[in-house]
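Once you scroll down, you'll see the structures, which are given as structure tokens.
Shared between the two complexes below is chain A, which pairs with chain B and chain C, respectively.
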Partner chain A sequence: MSATALTAPPRRPDGLTLLVLPALAFLGVVFLLPLLLLLWSSIRGPGGFSLNGYARVLGDAYYLQVMLQSLQLGLITTGGALLLGYPAAFALARARGYAQVVLFALIFLPLTVSIIVKSFGWGIVLRRDGILNWAMENLGLIERPVRMIFTEGALYAGMINVFLPFMVLPIFSVVRMMDTRLPDAAATLGASPWFRFTRVTLPLSLPGVVAGVSITFSLAVSAYVTPSLLMGDRFMTMSMVMAKAFLNLRDWQLGAAMATVLLAVAITVVVGAAWLQKRLATPRGS
Partner chain B sequence: MRDGGVSVGVGAAGHLAVSGATKRFGAALVLDDLSIAVAKGEFVSLLGPSGCGKTTLLRCVAGLLRPDAGRILVGGADITTLPAHRRNVGVVFQNYALFPHLTVAENIGFGLRAQGVAKREAAPRIAEALRLVRMEAHADKAITALSGGQQQRVAVARALVVRPSLLLLDEPFSALDRKLRETMQVELKQLLREVGITAIFVTHDQEEALVVSDRIAVMNAGRIEQLADPAALYGRPSSLYVLDFVGQSTRLSGRVVETASNEIAIDTALGRIWAPGSFLRGSPVIVAVRPEAVTLGSAQDGAANHITARVAEISFLGSRTQLHLDLVEPDRGVVELPRLPDGIAPGASVPLSFRVADAMVFPAP
Partner chain C sequence: MDRAARWVSSFALLLTIAFLLLPIVVVIPVSFTEAPIFAFPPEGFSLQWYAKIRNVDGLLGALALSAQIAALSTGIALLLGTLAAIALVKGQVPGSAAITAFMVSPLMLPGLVLGIALLQALREVGLRDAWWSLLLAHVVITMPFVMRTVLASLALFDFAMVDAARTLGCSYARALLRVLVPNILPGFISGALFAFIASFDNYPVSMFLVDVRTKTLPIQLLNYLEISPDPTLAAVSTLLILLTVLVLFLCDRLVGLRRMAAL
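Then we have the complex of A and B:
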């Protein structure tokens, strides 16, 4: 039928394929190849094929504890960044002129500061004779210095600081495109501020929230530098175990297995988020 | 009242009464001590160029903005400080602002849900609203699947289903193409008349205002220049601003040379013109006449003004033909004829006449 001929023109290699080819080739060499080698290492014991790496990672109480700790770190960091980042993204999207420039700088400048510099900064603020203890003591809030550095609280604060921009940016980009007359329209229909938020603003901002959550969680669950610098061996994450396995223990199979599990977690989150995004983007109704 | 004989229905107990509304954005005075009263069941258009304050006034009435000064009453109740969701004032937004994440029926039912109307009461009301705008077949469709005209119908149904005491429409036809716009203007007017609601249209399109309104408020710089029914607005504009904003006209500047009882003679570039009015001799004035009030030829019964002008351009508009007269700015001339007689071409001098009563005189700016 001529109709089918119109809707399905003959396929031939087009410009799009050519445009994406260099990037694909690059990723193939620097990403896919090492990834396959990693998967290969995870199932190769001293005596040939072995699932011993996975057995240890998934069976050993210590490694399970590490995984749980990593997930906990990812969840708390993501939750904290969402609580702080969601209203911040709205403020950023609604601000005009200088206010927007200043807010933008406040939220995104920390990204430009090296994580090492930031960690030492936190040390100066948080340590026993640091600025925070000094201030609280002089204000009479505390009798003697409080231990803050090398505590989980400090770790979460640091993690949220590092990953907050990754939560704010996707939410901001969605909120900025949102039609501000939609909540207005809801108001004229008799919707209270809470009803407007839960039935209009929140649902429309969800694509940004899903993107922000998936990016922040994937980054936080695999964090290495921030927990190492802020907690050291007191708080082991999956990435830290991996590094230890590869660098200190020379136990490639263990490291590769842990890496594969971490990868599986990240892929699950990213694919799940992509599916959710698509569902949210599809308007309801026929 | 301000100078220029602005007649605004203040004091008349209106269904909607705005008095002394003033609103500033920074240094800009957007509403300047504006007052207007609208009777129950009346359709009033707020007509003016962008930046004249018409949308600001609409947002103040809807409760989306609070005026710096002044009061807003609906049905006698002062709603000036009431938030939008407690006002029961419906709004059809420009480009409709339909909820993209909800279906047609969910959009229409939104207000009922927000106001806590029980499902079994809401369902028949949504069905009735769908029927009213002839969208029954599209109840479960996505908003994005609708045409512009259908979206407008949904927006109207969504606003009407909660039975507002007043309906505000912000440039409701601007998103539609010309042909559809004309159809929807008539359709919407009939629909709102059927519902019996008081409605206020905001528009910058004078033709649209003439079609849909019982009365038109021409706005300028945060004030109402004139509030009148379409025929009066067109036939007796209170100022040059209204004359120019609504319809076309021939405009000639001149000086009053003779005064009689209620009539004056003005010397213009096209000769002496008699017009009704009382101005001091020597006053600089502008005399204007609407295009269709002018006829070709000098054979018109007494008391007529006779002039001769050169034709600069001829525009054929289908049902009528326009002659643009060759005049020097700021004078300009346009004449409309039902049909063009033979032998008239650009460059030709033509005799024209019009009644004294059709001439309008304004003080020169």
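Then we have the complex of A and C:
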């Protein structure tokens, strides 16, 4: 094959191309330019060029702990959502007809309810005089109300609660399209259940898992509303440090440096997920 | 699939749904309580917290502002996004894959980073007006939702059908109206709806751009929760949940929920 056949024919701009310009210009000015300015201000101290912001963010034990804590929050939230959401997506894909629409709507509804309402409701669930303590007391599981709100366990549960649909829906949309005859064929050929799952079902569902994990992780690692409502200052995340640096401390260089670190994490996740999706799309051995 | 695996996955689905609905459903009984606290089970029955909504300072104003910003930004994003989507699908745009990725990228960006970047840039050019800052920011927030769905439905549309309609005697305008529009309308509606919700609910971007007099609903709600937490908030939340259910129901009638989610 000649080299020219491998490259797409050069695209010549025509009249329709102009239609892309308004949106492109808008995002260039209101989105890209501000981001570049943010990167610029992260290396700009009071007296010109300075890496002071990064030195503080990466050299201070407190900020390092905040970063580790955010990553930990992202990982635990993603792991918990995957553990519950993966099997749930299969059951949702298996449901038929009207039942599937209703079940789907019940998972979809929480996505459209305001995050403030959900975090507020989660507070009602966990309060000392809340529904969970009330239920456990009436069931005889506990004698006196347990303090749950403002604990790390409550934070993780609340985070999984907010981000779980972002895990279930991408996996569901892949599993729904899966050819269910393939695991059956493997069974006919004598494959054990474990072998069928690890060699047939799991690989086929991986594109959905990659999509769900990357979305959930990038949302959870940069979460602001849920941790600040459920934990306050007891559990600082990168987003909370950023908000504080900009709104309270007026220390823009610190905030910009932290924002750049968070941006780097987000871009790594997006690029990594795209690379994985590409690898999954190319059949092995070819 | 094996019987055990079926049981486990069905149980996981029920657990998922119960878990997801729990914080939403608890808000409703608390909004009818007589006591001024959120305790469960709620005491008695009263509508006093609903009556108090009117007296909450700035709440209705915030609701109006949020609806206004969400509707306007969705409209602008639809206009810009649709034009761009037509160019990307039908035209010969150099680097169209990169442009598409760029236009959808605000979705993957941490909200606070976008908010901070905009705050700084708008200060730099001297725009201190909260309303205009919010509108500009929310067009960036809504654009990816519109782009994704409109691009997807345009890409699926077979433009030969427009030619076929013209061969059968339709004028070009009529062919577009009767063939193209009904085909891409579901994509439009679901894209617009997602965009509206994303704007209406946004907290992390808006928090940097509001001022004392111009506050969006999520900001105002959180403020209220911090200053005077009482069941009025549960009443507002219940009404918001009711509104969401209504919108979802309408969308199911108009577009079909499953089609909407197959983004």
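Everything below uses one rule, namely that the second predicted complex is superposed on the first by the 263 of 286 C-alpha atoms of A that agree within 3 Å, B and C clash if a C-alpha of one lies under 4 Å from a C-alpha of the other, contacts with A are read in each partner's own complex, and residues count from 1 in each chain.
Keep this in mind: a residue touches a chain if its C-beta (ideal position, glycine included) is under 8 Å from a C-beta of that chain, and two chains touch if they have at least 3 such contacts.
Given the structure is predicted, the values throughout are model-derived calculations rather than measurements.
Trainee: Quick check on the chain A-based superposition: chain B and chain C, clash or fit?
Mentor: Because the two structures are overlaid on the shared chain, the partners are seen to fit without clashing.
Trainee: Mind telling me which of the two, chain B or chain C, contacts the most residues of chain A?
Mentor: C
Trainee: What is the contact status of A:Ser222 with respect to chain B (first) and chain C (second): first, second, both, or neither?
Mentor: After superposition on chain A, A:Ser222 lies in contact with chain C alone.
Trainee: Quick check for you: in the superposed arrangement, does A:Leu64 touch first (chain B), second (chain C), both or neither?
Mentor: Touch status of A:Leu64: no partner.
Trainee: Figure out whether A:Ala264 sits in contact with chain B (first) or chain C (second), or with both, or with neither.
Mentor: Neither partner.
Trainee: Could you work out the angle between chain B and chain C as seen from chain A, using CA centres and rounding to the nearest 10 degrees?
Mentor: Result: 90 degrees, to the nearest ten.
Trainee: Look at A:Ala99 in the shared chain and tell me whether it touches chain B only, chain C only, both, or neither; answer first, second, both or neither.
Mentor: neither
Trainee: Quick check for you: in the superposed arrangement, does A:Ala191 touch first (chain B), second (chain C), both or neither?
Mentor: Touch partner of A:Ala191: chain B, not chain C.
Trainee: Look across chain B and chain C in the superposition and give the shortest C-alpha distance you find, in Å.
Mentor: Minimum C-alpha separation, chain B to chain C, in the superposed model is 9 Å.
Trainee: Is there a shared patch on chain A that both chain B and chain C touch, and which residues make it up?
Mentor: The answer is residues 193 of chain A.
Trainee: Could you pull out which chain A residues touch chain B in their complex?
Mentor: These residues of chain A touch chain B: 179, 181-182, 184-193, 195-196, 199-200, 203-204, 283-286.
Trainee: Considering the complex alone, what residue numbers of chain A touch chain C?
Mentor: 11-20, 22-24, 26-27, 30-35, 37-38, 41, 84-88, 90-92, 94, 100-101, 103-110, 112-125, 127, 129-131, 134, 158, 160-161, 164-165, 168-169, 173, 183, 193, 197, 218, 221-222, 224-225, 229, 239, 242-243, 246-247, 252, 255-256, 259, 262-263, 266, 269-270
Trainee: Report the residues of chain C in contact with chain A in the complex, numbered from low to high.
Mentor: By the definition above, chain C touches chain A via 1-2, 5-6, 8-13, 15-17, 19-27, 30, 37-41, 80-81, 83-84, 86-88, 90-94, 96, 99, 102-103, 105-106, 108-114, 116-122, 124, 136-137, 139-140, 143, 197, 200-201, 203-204, 207-208, 217-218, 221-222, 225, 233-234, 237, 240-241, 244-245, 247-248, 252, 257-258, 261-262.
Trainee: Which chain B residues qualify as touching chain A in the complex?
Mentor: 62-64, 83-91, 93, 97-104, 106, 110-111, 113-115, 140-145, 158-159, 162
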